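Next come two complexes built around chain A: one with chain B, the other with chain C.
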Partner chain A sequence: MSRITQLLRFLRHNPRITTGFAILGCMLLLWVVGMATIGTSKAVPLSGPPDLEPSARYLLGTDSAGRQLLPVIIAGMPLTLEVGLLAGGVGLLIGALLGFTAGYFGGPLDTLIRTAADVMLPIPALAVLVVIASTIHTLLSVEVMALVVASLAWMYPTRTIRSQVLSIRTRAYVEVGRFSGESHLDIIFGELVPNLLPFLAASFVGAVGAGILAAIGLEALGLGPQDKPTLGMTIFWAIYYGATLRGMWWWWGPPIVVLILLFMALFSIAQGLDRYTNPRLRRAG
Partner chain B sequence: MAALLEARHVTKIFGGGLLHKKNVTVALTEFSLAVHAEPPSITAIVGESGSGKTTLARTLLGLATPTHGEVRYRGTDLRRLSRAQRRNFLREVQVIFQDPFEVYNPFYKIDHVLETPIKKFRLAASRRAARELIEGTLRGVGLRPEETLGRYPHQLSGGQRQRIMVARAVLLRPRLIIADEPVSMVDASLRATILDSLRQLNQVFGISLIYITHDLTTAYQIGDNIVVMYRGAAVEAGDVEHVVKDPLHPYSQLLVGSVPLPDPEHTWQRDATMVDPADVPVVGLNSCRFADRCPYVMQVCHTALPPLFQTEPRRVAACYRYNDAPILKSQDLGQVLTAPAALPGLEPQTTRGR
Partner chain C sequence: MSAAYVVRRVLLFFVVVWAATTFIFFLPKMAPGRNPVMERIGMMVATGGVNTGGLQQMVEAYQKKFGLDKPLWEQYLTYLSDISHLDFGYSLMLYPTKVVDVIWTAMPWTIGLLSVATLIAFALGTILGGLLAWPRAPRLIQYLLPPLFTFSVVPYYLLKLILAYILAFRLRIFPMSGSSQYGVVGSFSLGFALDVLYHSILPALSIVLASVGFWALGMRAMMVSISGEDYMLFAEAKGLRSKRIFRGYGMRNALLPQTTTLALSLGTILSGALLVEIVFGYAGMGAVLFRAVTAFDYFTIYGVVFFIIVGVAFATLVLDLTYPLLDPRIRYQKN
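After this line comes the complex of A and B, so read on.
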């Protein structure tokens, strides 16, 4: 069986993952077509008359600063996804490192890591992020913002991964691995990580979603990169200029629709991954 | 020469701690046992559930640390093995676990458990040599490589899975395999074949075996020596033929009497001595553990812990009924078990029906 038919078969058996990737694919297609035909050069202020309704010339209208909103969406989508991937990836990486260390080795190190995560967990992240972001406001690029978000996104992965590791590290196959001469690192990467892959993948997708959400929260408060037309900043400007009161639905509507689709896609993939690669569900032969 | 593996006065206590001082389980009490590499022997360790058999296995393997006492590999405490010594330990002492499913990582095909030791201990020079080694070993335990390799563990039967675990242990050509109830979770019809494989390992490759079981009949089938455990201590030890045919300790007698016979006229011995172990009060170190269940209980049994009385060169029993025999120090238990040549004419294999 070729790789492609195998992939098709896999997608047919995992409708959730298929749905999620289909939504992401549509968004990617929209972005590629948009980049090719419209580009992002009109996403800056004064590239059109202000406050225009959608029309044949300005497909999604313009905002009060004269930005054309379709180019803004096209430019904002990858920026938002970038923040999410970076924040989610870094957060999960730190969480996985700490979670595996704490769960596998245990002892005082475990107590230290667990306590640190427990202490940090109930602190409202957004409040801390607002403080950090407003302090380094002028330096805030998309990447720095992603790291700021990641700095408070590692506790939950640490906790969940630690508990997963705790539950599987006492399995007999870990002991068999030790007696087959595997080192601790061999055990972690060869025996534990593969079994947690679906979990880690689902955590990653979840972390990306959480990262996007945190970044959008900061941006909607005006604490994002001022010069970049991210989706969150667009929402901020729409609030700032009273777009809701002035009935300018074309300003705040599209970024929200894009975000909803993005979250639906991520959620659907995370759900599908939970069910994926459970070998007991694999068919014989 | 130091013994290959030796437990010295091992006590293992679970629970306890600051808040649960009363909630303590003593799994092993002052247990000593020694296994020598030569001559290769099969020692069966028999006891009811809760007698400390599995704790003993895990302690001998270094998977559990004794609360008191130590386990020595060629004279060195398991906790103080250097990296190289630990490697040697793994090469010489291997394990077969009870549950033939839990021991497989569900992520991998079963090839993984056989390839890992080859890779880690560089047992084969090439991929092809490794493959041949695996196939040869599988055939050695009665499996067809083409029917087992390349499959996931859940696609194989419990018996096949357990035999692959036997093959994994054998790959390293260890001196000693510790098997913790290797057949208790396998269909009765497959038990005999697995026991045969184990017996063959002993005879063909000279691998010693510690066979831990609750089942006296399989212990009798496979063992050269037997240690009967009761509540964390050895109550009787010796040649399996003698212990099973003529048990000395009242608990061994009870065990032997509990084996059901395929004879409808024979009523199952079930007298007042059969008490649910859970009902028996916790005993200290100052009385015989079996005193509450023992039909021959004497005054002394309640006041002192019986030592091992050596009634014959290859026979000990921890019971005051034999107190005219010399006392054996518990750390010398290994000597009693490893002297098959000392008694010519009593070689058990020849007389045993299997």
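After this line comes the complex of A and C, so read on.
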């Protein structure tokens, strides 16, 4: 019981985190209801007449290929989230590995990792992603795309985690661990990681958001998985068939609304976690 | 600013450019057991139609240049020397045109749109963010916070779709797409300049609206943490005028991390702007990239990507070199 009151207190004191999770929760609820009542079987072409406005029968209308757009949204939401979680997770994992190695051990390894991150950082990820995605285009599944995005998502986490590790590795409790004969791994996982957990959580949320953003960008270029109705591919088809010129707001509108809600939720959670770890920021309200 | 810093910084620029070139050379070669470029050319020849003879010549030229008879390192060196002459070969979709020429015509559009929009957004966002955290600013400004927050999470090109629907499709105030009146040849006349300006308002507005919130939120957080500093209290105690404290003590100091963020996010800004161009059919690099990707015109893709990377690296270099002018504390000595 006390666990629950603790959680409630945490949520009350961190309104941003609460807001973020509330938005995510509402979206999840809507998705479950949509899955149960409508399903995703009508998200494929020729499931209805083309170019229909929203009506009682076709709730969000249809696109030019005859996909029903409500099922498309229901099918696309988890795909988008999957890419984000996978890309953000893998990117952060690589970043944490490199960041901890560089920050904790220092020396030539640190110089090497830092230089690599510095060289890669100014390279716009989208540009390199376009080269990769257009090369392996026919082999591209949702998972492969997530890994492609992750391959360029580690530099920022590496830099920030490294500087965090640098600042806490000289603290007294780490020194105590070292003098009492703990191994490097014990110190990293016993002393450093637990202390950086809120920071790593904030980095993870940020990385997920960045991953989704990069994936949507690739998809809007038409470089996403061709056979899956991801939200970005829906936007690509809408642009490709001139949906704006034809006033078909029901085509591009709903995916944008879903994406905006998703980004707002992630941004809100990330900011909340930032405030939780850095009390100085709390004054900013 | 020490000479060592400048040298190190310029060196990093060249390393970035070299890394990018190497990427573009090796990445397509990693595709399992195939050569996408040759496949694409083969397909174009097979489907016939346009310029088969020309393509034939191109295949020969291509094979001679990157032929499998030569070892990989030799191919790589040839490639590096070609790139240093800005020779990216011919565009596959616009065959007799060279990739560089396609890029030269597109580049001014992107640079013009992007630099103006980013400067406006950065300046506006920074001032707004400063005022948001300033207790003596008009209360009215506080109401801007929720909309700024909302806009800041929307990718530029998605915001553009919404703006174009409302302002161009419904209200018909601005043109739907394009970068100038269709069919009008560019000239140095006032009419043409106004037309270009008119067409660029909507894409620029999407970029400004979507990024002004980002800068405002960052600046606001910075100003809040600065307002607790001792020197702010000291300025207050000296009886300086509020305006002076705001500008000289608050903004001046909060601006530094803001500039660092600008340097770090140039790549993201450019990616977003390219997608705006695509959604808009604007005549810049983004539109070229989009057409190249849909036509699998690999030479053009590689050329555009190279220019994008060099452009961002160069802009970052310029910002890094001007940073010491903003922050006199920095002497940039080693460690």
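The working rule: the second predicted complex is superposed on the first by the 275 of 285 C-alpha atoms of A that agree within 3 Å, B and C clash if a C-alpha of one lies under 4 Å from a C-alpha of the other, contacts with A are read in each partner's own complex, and residues count from 1 in each chain.
Just so we're on the same page, a residue touches a chain if its C-beta (ideal position, glycine included) is under 8 Å from a C-beta of that chain, and two chains touch if they have at least 3 such contacts.
The model shown is predicted, which means the values in this text are computed figures rather than measured ones.
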Simultaneous placement of chain C and chain B on chain A, clash or fit: fit
Per-residue touch tally on chain A - higher for chain B or for chain C: C
First, second, both or neither for A:Leu259, with chain B first and chain C second: second
Which superposed partner A:Met35 touches (first chain B, second chain C, both, neither): neither
Chain B versus chain C as contact partner of A:Trp249, first or second or both or neither: second
First (chain B), second (chain C), both or neither touched by A:Val119: second
Where chain B and chain C come nearest after superposition, their Cα distance in Å: 8
Intersection of the chain A residues that touch chain B with those that touch chain C: 280, 284
Residue numbers on chain A that touch chain B, as the complex places them: 171-173, 175-182, 186, 190-191, 194-195, 279-280, 282, 284
List of chain A residues in touch with chain C within their complex: 118-128, 130-132, 134-137, 213, 216-217, 220-223, 235, 238-239, 244-245, 247, 249, 252-253, 256, 259-260, 263-264, 267, 280-281, 283-285
Residues of chain B that touch chain A when the two form their complex: 61, 63, 87, 90, 94-95, 97, 99, 102-108, 113, 116-117, 120-121, 152, 154-155, 165, 168
Contact footprint of chain A on chain C as seen in their complex: 12, 15-16, 19-20, 23-24, 27-28, 30-31, 36, 133, 150, 152-155, 157-158, 161-162, 164-165, 168-169, 176-177, 220-221, 224-225, 228, 264, 266-268, 270-272, 274-275, 278-279, 289-290, 293-294, 296, 298, 301-302, 304-305, 308-309, 312-313, 316
